[in-house]
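Here come two complexes built around chain A, the first alongside chain B, the second alongside chain C.
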Partner chain A sequence: MSQQTERAAAPLLQVRDLRIEFRTRDGIARAVNGVSYTVEAGETLAVLGESGSGKSVTAQAVMGILDMPPGRITGGRILFRGRDLLAMAEEERRKIRGDRIAMIFQDALSSLNPVLSVGYQLAEMFRVHRGMSRGEARARAVELMDRVRIPAARERVNDYPHQFSGGMRQRIMIAMALALEPDLIIADEPTTALDVTVQAQVMDLLAELRREYRMGLILITHDLGVVADVADRIAVMYAGRVIENAPVADLYASPAHPYTKGLLDSVPRLDHKGGELYAIKGLPPSLMAIPSGCPFHPRCPQAQDICRTDRPPLYPVGPGRTSACHFWKETLDAASAADLAR
Partner chain B sequence: MGRYIIRRLLQMIPVFIGATFLIFVMVYALGDPVGALFGDRAPDPATAARLRAEFNLDKPLYQQYLLYMRDIFTGDFGTAFNGRPVTELMADAFPVSFRLMLVALAFEIVFGIVLGVVSGLRRGRAVDTTVLMFTLVVIAIPTFVLGTTLQFFLGVELAWIDPAVSPDARFSELIVPGLILAMVSLAYVTRLTRTSVVENLRADYIRTAVAKGLPRLRVTVRHLLRNSLIPVVTYLGADIGTLMAGAIVTERIFNIQGVGYQLFQGIVRQNSPTVVGFVTVLVLIFLLANLLVDLGYAVLDPRIRYA
Partner chain C sequence: MPDERPSDESRAQAARPPQLAPEERAPRGPSPSIDATAERDPDDVLAAQEKSAVEALEATGRPESARSLSSDAWHDLRRNPVFLISALLILFLIVIAIWPGLIATRDPLYCRLGRAYEEPSAGHWFGFDNQGCDVYTRTVYGARASIAVGVCATLGVTLLGAVVGGLAGYFSRFWDPVLSRTTDIFFAIPMVLGAIVFLSMIKLGSIWPVVLVITVLGWPQIARIARGAVLSAKQNDYVHAARALGAGNTRILLRHILPNAIAPVIVMATIMLGTFIVLEATLSFLGVGLRPPTVSWGVDISAASDGMKFRNAPHILLYPAAALSLTVLAFIMMGDAVRDALDPKLR
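For the complex of A and B:
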């Protein structure tokens, strides 16, 4: 097989056993401990997890914007169309950034440059990556603003970020990420900083444009509601590991990891109104001292002796499904039973 | 914008009156200008009284002030100790100090900002530590020590420059004095730039700029510098007034006949019209420089709009 066809056959993005640590004054924080996930072209992968689970850090490593130091990639590979991003020269990598892989950040107000007009910041993409003239790039910026449905784009192209509302600013962030029609977009909690009413609009817009451009999307979130609507697959992260990876429908129907089950149970439900909200007991572990065995065992309602001593590998639990729980079978069965009873 | 400028100009009036009145009170009420004219000799009472009447010194203080302000607005700043009108002294002194200020400002902008940016980008490295040490040393050494030392080595020992600046005060002669004058501010500009760069390096929009795949130089110049220089420009603008007025030591060392030199002469010889006149003009320069800084601030930072 020639190298070309081999590349075409390779998945869009493969993160393989990625390990990242941060050297801090108090010691080494192991933020990412062997994360693996795959995104196929045109697929949406939701990465779910609490703060500190390593979901954002992994994304930053993919993007190549990790602060190093204090961050340090100690192992693993990140393959984009079969080529290892971590082995590339910085200049080669820069050309991929923004062009083939783009990122949408959480807080658009602080993520946009306050002293440059939004038109300039959008046009910059075309000028730097496509070598367009100022005027040409400006025209494309207006087109983009139209594309993400910013009213009166032509008049507003010279406005500054602070002159837009939160939702409009996030649309500009999306426009910036879409500018060069990348193959992969990483959206790091793109709607967290927005009002609930605006959240849905922005999320719908993102999903719609992703379909239209047939892009891969990594959606980093802790919002289970958002995930159900737009994601194809879900990777649940805990203490710097993927602990469950499954197609979205399977995971919602029957989680194969107690942590995932806990997350699903903690979503407030109308039919439980008045009842107490479920919460996973305890706190996420410190990244300086991750528990032995299964890192979730101190909080797990069904932990056994083996969970304290042996770290569970990712067990294959079904077609395209993995779970890092020694008792995935019991969890899965219990979930199915509960589902049937409902 | 226009209304803002008008409002600011109107606000200057009370500040101007207050500042000049204070100077006037201090100089006229505390000194004895007539006595000073006679030096060590006791003045003849009749002549002294005549002079007092001529210069309105026999009137109440507020009247003296009003009369003085009236004279100023007709362009009469009084007479200096050597018999020349103060306005003539100003016409000679201000251009000289202005050139000296420009040289000093150029040093601050070029070296202060470059050193600040370099040390900010290399925070914690050897370059950064060296630059910080250098700024501390510069701030700690008094201007007259540094000035006279440089004057001695460059002017006397090596004879690269003239130890004293000619009355023409050409730009080429003002390079070393300008550097001396700039030194302390230069150190502050360096530190301010460094702090600002370090702070902005952590900003989210810099991360965005990197994620956009912009080349490093573009990230630094267009995104980082543009934001980091806002406080620095403010400082530089405010420093213009200080450099014009605060050159007394430097101008004395190099015998530059600028504002500081004339002010010093005026104080030593207790010549009130010189002191009050020069300080009045300096107050005006300060006020205008501050207005320009505030307007420039709005140009640099679009989040600030004056209405």
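For the complex of A and C:
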């Protein structure tokens, strides 16, 4: 019991200075270079970033489904309720996967086995982790399908994945992740493969169920619109690092990193109709050759000499906020001024 | 007027919902007389459209029952004449292999030298062989040994090959180098030559030494195919998903990978079955396979195949050889049909 209270004191998930590289024929790609973030129980953390910023790789490392090789974790710790997942035996970790930490994948069609019925795949969760009988597990599967609002769940439990629409398939993925009422769900771009109206439904469902079960949620996305409604905190990633970490309202009101500001400015707005869309110039850096100093400096409109030489640490910029920019103060002030003017 | 495009007036009418139908009915040249029908038509037309839409939905909507890859394949196969013909043939062959007495009432080992080389006649459709045995009866009874060798060897080869190939593909980091090189070594042994060497060392008689030799020499082909299929099935997202949801190696391999990787193995096994039947005949012909008194097509072909006998009494050779060819053809046709149905790339 005392152990349990001790664990309850520790945050749900803490990623500490995680480093991951991939050995490829052309050299070593440093996909994750010291990522740290924390998710408290019941909190939603959005991890935001372009493709290749390391957000999915970090999540795969947390789940323990990183392909190794070519991937390799070269440093850092992943603490789940204070216990280091990376130091655990494989068998122990497997018991946590799906049971305590579950994942929702981007493309539900390819993430469901085409030759097994969805009912079987849902029931499998209960049979593997809970040792339930076939019939009992099947009944729970129907219950779950009802939960995620699949119409006529009882009739559709024996259908195969390709017989469901995209939104329904993603609901089934959500049902699978929720099955054992985990403490933490990692959703890797759960709505990218869906059209906009279905996106909203699926996000609402996910948010609602998260509240109901009081789970922590890591929402990996590059869609700023999705984030605003659902997340409590945002971690913005760039070139394998978290460059800004802030409560969602603060970040939207006044970004403290030029990259975040660029991201927010590049969202199409209705009141700017007809105007040219803002784009951050340049391309994300190659992970084989990450620029010296601040990795964002080649694309940064405010870059100074210090940015080319010194890597900015994560400066505390406010209550619960950090930013990895030497000129966070200037950025923040400019953003606040612009916010006031608006 | 009748050939003109619809006038502005009619287009304006068409823009109003109820009048959409008349424009469809009379796309060109609306005349004032049509307006009268247009007043009552829309409801009928809409009702008809709705009805046909409902019918279409009922006809093409959700399939009545769930269809997996295998039921999809079965659906395709039932309509494939190649499959139907080969399936009927194989069914027939299996039935006479189990109950040869159904169509052949004589004893295949009852021979009278006095009737040797006799031509086919009313009571003895295929004639008599050099020993005076009834060729028809022997051909019917020969199916048992040939098919038993084919089926057992295929089972052995598939099991061994799928296990080795599957493990090599799934645990590719550790086991693949070892298992793949082992596969290569066995692959390098020529089948017939290897079988002659092995079989000439053991006491012959039953079908089991032949089955064993074919299994030992035949599995590498299946292993290669199984390894490739598992390697590609392993990359699928649902395998990652299953792992992320806490499934262990055994469950992933048996439940998630095997059903998705088995199709090419089934296809290969069906085609190999035919070749194994030929191989048995070849070995028996060479005198190292089955031997009399075992009745098999290979044994009979061997007995009938010296030039003099063939010139004098070709029927002794032709009937068992034709039975052999037909059997092999049936299995190869079956393999082709199954491949067409199971291979998603050929769809």
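Quick note on the criterion: the second predicted complex is superposed on the first by the 338 of 342 C-alpha atoms of A that agree within 3 Å, B and C clash if a C-alpha of one lies under 4 Å from a C-alpha of the other, contacts with A are read in each partner's own complex, and residues count from 1 in each chain.
Simple rule for what comes next: contacts are C-beta pairs under 8 Å (C-beta built on N, C-alpha and C of every residue); 3 or more make two chains touch, one makes a residue touch a chain.
Keep in mind that what you see is a predicted model, and the values were worked out from it rather than measured.
Asks: Put the two structures on top of each other at chain A: do chain B and chain C fit, or clash?
Replies: clash
Asks: What is the contact status of A:S111 with respect to chain B (first) and chain C (second): first, second, both, or neither?
Replies: So A:S111 meets both chain B and chain C here.
Asks: By the touch definition at the top of the document, which applies to A:Y315: first (chain B), second (chain C), both, or neither?
Replies: Neither: A:Y315 stays clear of chain B and chain C.
Asks: Name the contact category of A:Y252: first (chain B only), second (chain C only), both, or neither.
Replies: Neither chain B nor chain C is touched by A:Y252.
Asks: One more residue to check, A:Y278. First (chain B), second (chain C), both or neither?
Replies: neither
Asks: Shared contact residues on chain A, chain B side and chain C side combined as an intersection?
Replies: Residues 63, 65, 94-99, 102-103, 105, 107, 110-117, 124-125, 128-129, 160, 176 of chain A touch both chain B and chain C.
Asks: Would you pull the chain A residues touching chain B in the complex into a rising list?
Replies: 63-65, 94-99, 102-103, 105, 107, 110-117, 124-125, 128-129, 160, 162, 176
Asks: Under the definition above, what is the set of chain C residues touching chain A in their complex?
Replies: So the residues of chain C touching chain A come out as 62-63, 66-70, 173, 236-238, 240-248, 251, 255-256, 259-260.
Asks: Report the residues of chain A in contact with chain C in the complex, numbered from low to high.
Replies: That would be residues 63, 65, 69, 94-99, 102-103, 105, 107, 110-117, 124-125, 128-129, 158-160, 163, 173, 176-177 of chain A.
Asks: In the complex formed with chain A, which residues of chain B make contact?
Replies: By the definition above, chain B touches chain A via 203-205, 207-215, 218, 222-223, 226-227, 230, 300-303.
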